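The structure appears below as structure tokens.
Chain nomenclature is as follows: A, B, C and D, assigned in order of appearance, with residue numbering initiated at 1 for each chain independently.
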Amino acid sequence: MTTPLANYLILAALLFVIGLAGALTRRNAVLVLIGLELMFNAANLNFIAFWRFNPHPEKLTGLMFVLFSIAIGAAEAAVGLALIIAVYRHRRSALMDQFNSLKG
Amino acid sequence: MLNEIAFLLCASLTLAGAVAAMMLRNLVHCALCAAGAFAGLAAIYLQLSAEFAGFAQFLVYVGAVAILIVFTILLTRGADIQTGRAGSSSSWIGLLVAGLVLACLVGSIMSSPGLVRLPAQTANAPVQKIGEQLMNQYIMPLETMGLLLTAALLGGVVIAMREPAKANPSAR
Amino acid sequence: MEFIIKYLWLMPTAPLLAAGIGALLHRRQRLLGAGLAIGAILFSFGLACVAFSTTLRGGRATSNFRWFEFGTTSVQLGWVLDPLGAIMAVMVTFVSLLVFVYSVGYMAKDENFTRFFCFLALFAAAMLGLIIANSLLLFFICWELVGLASYLLIGFWFQKPSAAAAAKKAFIVTRIGDLGFLLGILYLYGRAGTLLFYDGGHGCLERNANTGVMMGTTLIALLIFCGAVGKSGQIPLHVWLPDAMEGPTPVSALIHAATMVAAGVFLIARVYPLMTPESLQVVTWVGALTAVFAAAIAVAQNDIKRILAYSTVSQLGYMMMGLGTGGVSVGMFHLTTHACFKALLFMGAGSVIHGCHEEQDIRKMGGLSRRMPVTFMTYAIGMMALCGVPLFFSGFWSKDAILDAAHHWRFSQTPFYLGLVGAFLTAFYMTRQVVLVFFGRSTNQEAEHPRESPPVMTLPLVILAAGAMLLGFFGTPVWPWFQSYLAEDNAVFDFSKLTEGGQLGIMLLSTGLVAVAMMLSGWIYFKKAASADREKDPLETAQPALFALLQHKFYVDEIYEATVVRLTVAFAMFSDWLDRKFWGGLVRAVSWLTVALARLSQTVDETVVNGSFDAGTETVRDSGKWVSLLQNGQTQRYLGAIGLAFCGLLIFLLWGSQ
Amino acid sequence: MNGLDQIFVGTGHWIAGLFPVYVQPLISAALEIAIMMAVFGGCFALTSVVERKLLGRMQNRYGPNRVGPFGLLQPLADGIKMLTKEDIVPFSADKTVHFLAPLALSVPIWLAFAVLPFGRNMSAIDLDAGILFFFAIGSASELAVFMAGWSSQNKYSLVGAMRAIAQMISYEVPLVLSTVPVLMLAGSLSLNEIVAAQGTYTLGGLARWNVFTPWGLAGLLLFLIAATAESNRSPFDLPEGESEIIAGFLTEYSGFKYALFFLSEYLGLFAITGLAVTLFLGGWHAPFRWLEWVPSWLWFAGKFCALIFLFVWIRATLPRLRLDQLLNFSWRFLVPLSLINILVAVAWYWSGSWKSPVALPVRWVLCAALVALPYHWLAQSLRGTLPPPRKYTYAE
């Protein structure tokens, strides 16, 4: 384990940015959701990295956090996708920029 | 030396999967690449010797979420040939913002000295201890997590359920 | 004395009661009305005599009561019985009684007979109230009632416009005088703190006695004198008295000869302690001037009653002069004697008019001596008493006393000389009148067969004639009972007084003057009376300008007409103009201003306020539109915003805070 | 006894010793992989033939007996046929995904074998969270099935894939839940720990296998049912329902890709049975104390073959279920029953401290009742979903 912590953080940052870019640019709601999941995982990676590089790793807070985060990520993905399906059924299209009925 | 290569391999796999997931036009391919990215991430967890997290990540994301995504794509006609531009009207703004965020993150990582240190010698997270902590210190989050997941389950089903009575709304 | 004072208030209330009941009577109950009035005045006359008898030994009794109070102060009224009041009461009741009896005959044919007697009773009540009043306020109240009664009586025949106008004139002119009187009362109350005359040492008349503080100032005295001038018809305010002759003759006889006009003199006598020397000078001068002025006018008058009216004004002037120079007793003595013979003369004139079937112009009368012998005899006695024929006639003694006092006046002798001129003129016009009325030939046919008045009218004439002759003896310098009675010391029979201080000389001088005047007038007019053409007055032919001047009463009425009336009319017109044009204009201007202001504020409000407000809302709405662009429903844009915010936060946290 | 038992382990160490030290872990790993692939590859070939012969025997006919003695070389023939057949890829198919699908399916399955303890300290990796690893790998297969089904752009394959995924997801839940009692009582997720937990022998010399406990028996049954469904076999082989949708998501595959699919299907079966053996049948332990002398891996292999025979037996006898019956069966019967099985395990564990001699039978009756009653009610509720009995009308 010679790779320093920074590498992992940079990797997480990259992953996060890729997810963000996808979420911002892609028009399809599902892809936005995938981007979101990527961002989630980037965060989890950070947690695990910090846990691993923590001077006394016996405290498992980072790890525990990741477990719960994964569970929440799954729940969120499920509800998000259900929403997308419901909206699609209502709007017959999955393109995000057409869901602007909440306009100001 | 070995895990250096292993880390680079996994990292590159994950990043490639992520970029592909965001770039590809065919939605199913995107989903599959995303699954690949999640698998790569699970591998990195294993590399960071957090087996439990890695397996959980693999089980949840690759096993369940990927399937969910793919199903959603099918249900929302994503699988058909995409017409029009993939990116949203003002996609360059998104890229700009993402670039800005990247710059900030990398800048902060680079500028903070403490982050370059090497990891502790061995850090293992035996399931035994994880179990104990789950049952003692984190019992409340565990219970609420159970509740949350049930709620998400039911909610998802209710939301996505096809209204039995209502006629299918006219195609727009 | 104490016993009578408690019942003294009955004296005015009896006639008042009679007046009240009389007012309720129906016009047909003539006898009851007259009876009531005469009965009441008889009762008052009796009470007055009893009161007079108690005051013979001098002294003064008062009975005060609290009328009403407000806050800490209280208004007190009361009765007083003293020689001055007693003598006046007896004189007034005696004359009123005679006039009441006389007017029964005189007003016999008049249909408003009961109303007449009701007014007469009212007048008598007021006069008596005035006499016994112990408070200047009660005095003023009765004073006003007397004014009212004179108005009602002068204007008795209100169908005649001249009578109504005369009544109004009398009321208004006396009202002017009363204004001064009221101011005087208020000023006195301000200084003295009470209006009671005699209040056991605290009265406004007594205070100056023990504290030595002169309560009355000259101003108060003069203001009170104004009331007297108004009521007694002195110079500026005498114009109403001759016109008051419009009323029935008994009214003239009672009010404008004996009682009411005398009230002014009585007022000055009552408040004499307040009169300061300066004010007495003023009184004297006014009196003297009035005497000569009125006498001069009387010479040129043709109406029998107007001559007597001016003669009354002149005699009142004498009384004022007497008061001013000689003090209360001289004035009062002349007042008493004058009341007697002037009432006699008026009633005589009344019976003459009655005889000549309402003819009042002396130029149309003549030769009545043979047809109306009693009237002629009593009228002649009255004329001689008035002129001041010596010895047997009271007028001589009272007028002589005045002349003597005037002669001894230390300030100046002119009042004395004016008095002498007045006496000469009085004798002149009285003889003119008697000659024209009773001697010569009458020109028109009614006068052909004038009849003597009925006994009910001639009896009072005879009584008064006796009074006119006998009263004089009470005040002669030889036996000054009247003066001593008033001065409350006992009279001393002493012949030497007659020649003391040049009195005899004055007597002789005046007697001479009177004799000359009588012969002159007799000579001028005896021829005239006999001639057929009685229109032109010999004096007129001699001095037409002067005669016209006198006949027109020195154009005083015209002057008043020209000055006061026009002034007030002008002032009225001016105030009307002021009110309509100026203030109206101002109001219109203000209203226009407000309207303009309103319109201005409306426009301002429209443009500025609404404008700005609309502009404000406009900008808000526009900005609203812009802001809403920010939130256009694109979730990805929100995510972008969050990303930016995140960067900002990160930058700030890491590099911003160093 | 030790020698024979550890024969494979010993040879492995010996071979690794031939190489330099820094390379040794790699070499031993490669060796293990090679052995595992060889053993289970051969096993695949063998079972494909044995299964068909057994099916035949059960259907009162001979299985393949032409190729080699008693048809034993039949797999060789199939293999050659598979390899030589033309690998047709439909024109409209999504080439890459179509190519990757069989790969994505078989790789995870091979990984699954790393965790199973074939014999005394004969497990490739002794993972602390072995079971979790196994199920994580197991869940990856659904994605591969979807890739296969969708990429061939074929209605039948897509429908087949959807059915397969639905079935696998539905039966994964009872599969995992039925293992929970074993983990709770073994106290660890590591498979070696679980096998060790079953190592002791009762007084009568009988091994303390989990299957000899009420919850163990119920758990094994549930596990086996779920396992058959998980590997798309026998009563639950709707995805390849030949009669309706040809070969399900395999229709567009031919040649070597089909062979791979076929291989990974059987490998899935072997992995699941291996797990069943370790969890419920005491892994490589002998049933009786006095049989300890038999080498551990032999016990494992015996139990393994017994279960395989059971699967084939089931395949031969039970008709195919309809999809809704299949899903209802899982969600309304298996899942509740496995949850209740956990309660039974709790009751068993709680009553473990009873000292009275009659305790064992009483506990058995108690726990058995605890399982049987809900079994009866759930069955009743399921009955509602079955179609009414068919009435046949015969022409008079």
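Basically, a residue touches a chain if its C-beta (ideal position, glycine included) is under 8 Å from a C-beta of that chain, and two chains touch if they have at least 3 such contacts.
Given the structure is predicted, the values throughout are model-derived calculations rather than measurements.
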| item | value |
| --- | --- |
| Chain occupying the most central position, where position means C-alpha average | A |
| Pair joined by the larger number of C-beta contacts - A-B, A-C | A-B |
| Distance from the mean Cα position of subunit B to that of subunit A, given in whole angstrom | 5 |
| Distance between the centres, which are taken as Cα means, of subunit D and subunit A, whole angstrom | 34 |
| Whole-Å separation of chain centres (CA-atom averages), subunit A against subunit C | 121 |
| Centroid spacing, where centroids are CA-atom means, of subunit C and subunit D in whole angstrom | 148 |
| Touching two or more other chains - residues of subunit A | 20, 23-25, 96-97 |
| Where subunit B touches two or more other chains, by residue | 52, 56, 64, 88, 93-94, 97-98, 101, 105 |
| Subunit C residues counted as touching two or more neighbouring chains | 634, 636, 640, 643 |
| Chain pairs in mutual contact under the definition given at the outset | A-B, A-C, B-C, B-D |
| List of subunit B residues in touch with subunit A within their complex | 1, 3-4, 7, 11, 14-15, 18-19, 21-22, 27, 30-31, 34, 37-38, 41, 44-45, 48-50, 52-53, 56-57, 60-61, 64-65, 68-69, 71-73, 75-78, 82, 85-89, 91, 93-95, 97-99, 101-102, 105-106, 109-110, 115-120, 123, 125, 129-130, 133-134, 137-138, 141, 145, 148-149, 151-153, 155-157, 159-160, 162, 168-169, 171-172 |
| Complex contacts: residues of subunit D adjacent to subunit B | 94, 96-97, 127-129, 132-133, 135-137, 139-140, 142-143, 146-147, 150, 165, 169, 188-190 |
| Residues of subunit B touching subunit C in the complex | 88, 90, 93-94, 97-98, 100-101, 103-105, 107-108, 111 |
| Subunit C-facing residues of subunit A, complex | 20, 23-25, 32, 96-97, 99-104 |
| For the subunit A and subunit B complex, residues of the former touching the latter | 1-11, 13-31, 33-35, 37-38, 41, 44-45, 48-49, 51-58, 60, 63-64, 66-68, 70-79, 81-86, 88-94, 96-97 |
